[in-house]
Amino acid sequence: MKDKKPKNVFKEGAISSEFIATSIEKHQSKTSIGAHNIFLGQVRADTIDNKTVSAIEYTAYEEMAIAKFHEIREAAFNKFDLNCMHIYHSLGKVNVGEICMFVFVSSPRRKEVFKAIEYIVEEIKANVPVFGKEIFEDETHQWKVNS
Amino acid sequence: MKDKKPKNVFKEGAISSEFIATSIEKHQSKTSIGAHNIFLGQVRADTIDNKTVSAIEYTAYEEMAIAKFHEIREAAFNKFDLNCMHIYHSLGKVNVGEICMFVFVSSPRRKEVFKAIEYIVEEIKANVPVFGKEIFEDETHQWKVNS
Amino acid sequence: MQLTIKYFGLIAEITKRNKEQFEFSGTLINEFLETVYLKYPKLKETHFQVAQNNEIVSKETIITQTEIALLPPFAGG
Amino acid sequence: MQLTIKYFGLIAEITKRNKEQFEFSGTLINEFLETVYLKYPKLKETHFQVAQNNEIVSKETIITQTEIALLPPFAGG
């Protein structure tokens, strides 16, 4: 289901497992799909200089981010044989152990979903202006940088 | 969470989205995880000689299949830096649009989950003795062969 | 010796059973299959692999177990 | 011309605001940044990229829009 209008992929706070389940369920009527691949980013309790991350607070240059998500979406539909593609990213505070990104691709055949999911996730990491403030348990913070 | 005892990965009938959601939720207490990757196999309504598949009935040489799933699991833990890995496969009848396989890997880092999920799914397709009877809408059938 | 042979999928459809026992006094998988083909000539034209001790084995393998399985193409996932 | 400049993440922390307006009569991003550095010298030692019209642009780019954004390293996903 390809569409041309940029979607807002941002969601306030963590992405719940119920939301993911509902999204999976919606695809059961699409009977030309044979394979789904789902990537989930989860906030890690990293320890830096003896301080442990308790949450990440996400912000974005939303206008540019939405344009970039749209470009990535269009490029992925052109490169891979996909039935559908969904991308969601959190804004605001996401606690450790919670889901901050949900990428979902579906195709008639499995080979396509493996290539597509990696492409999309890497493109998001590299090109979408989302910023993450890692908040430590003692309320201090540092700014996350994607590796 | 590596373990040495072969698990029974088979489930009777389709794998529900609620089951997948519960599985995701259980990982939220594992705060060293940064990335999950989930592969779902969905039964496709293929049309062959004007007849459309309405369900697949899965059977397996269970004893050998469980041994093979265990080997794949051990090999994946050795090859990739994974926190956990879960594999579920349906037995019995799964209707078109329903989920027949659920593979779930988690790692501190995303690069590992992409490699791991593809490795595991390809190994299952090639080496696990599961058989699929594609049942057409007119009640005739043919035997599925993995490509 | 008495061998249990298991059939799956298309193979079980041809043999019309999931398993049965054969009396066998030979050594190799190949020799045993000749006995099976006598009963089910159609299997000769059917593609399958043979498993012994949870492993796919070649037809030149020596039979060491009392259970042998005939496996049609896999369709998991 | 009047330019709106947007700050994000670490950059906004340094400037203590999310956006502001500057009067600017030059041509290139580089020249404009000199004006910004006068107000926020700390930005000189801070890594950021500049976006114009939703694209990352080099500092030798001609300013064609009235909105410019200073973006610290990305951390999405």
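Every chain is named by a letter (A, B, C and D) in the order it is written, and numbering of its residues begins at 1.
One rule holds in what follows: contacts are C-beta pairs under 8 Å (C-beta built on N, C-alpha and C of every residue); 3 or more make two chains touch, one makes a residue touch a chain.
What you see is a predicted model; the values in this text were computed from it and never measured.
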Trace the shortest chain of touching neighbours from chain B to chain C and give its length in steps.
-> 1
Measure off the straight-line distance from the CA centroid of chain B to the CA centroid of chain D, and report it in whole Å.
-> 48
Distance in whole angstrom between the CA centres of chain A and chain B is 23
Taking each chain's centre as the mean of its CA atoms, how far is chain C from chain D in angstrom?
-> 73
At which residue positions does chain A touch at least two other chains?
-> 41, 110, 121, 125
Pull out every residue in chain D that's touching 2 or more other chains.
-> 77
Chains that touch, pairwise = A-B, A-D, B-C
Could you pull out which chain B residues touch chain A in their complex?
-> 17-18, 20-22, 24-25, 27-45, 96-99, 106, 108, 110, 113-114, 117-118, 121
Which residues of chain C touch chain B in their complex?
-> 6, 8-10, 13, 51, 54-55, 69, 71-77
In their shared complex, at which residues does chain B touch chain C?
-> 41, 56, 58-61, 63-65, 67-68, 89, 100-101, 121, 124-133, 143-146
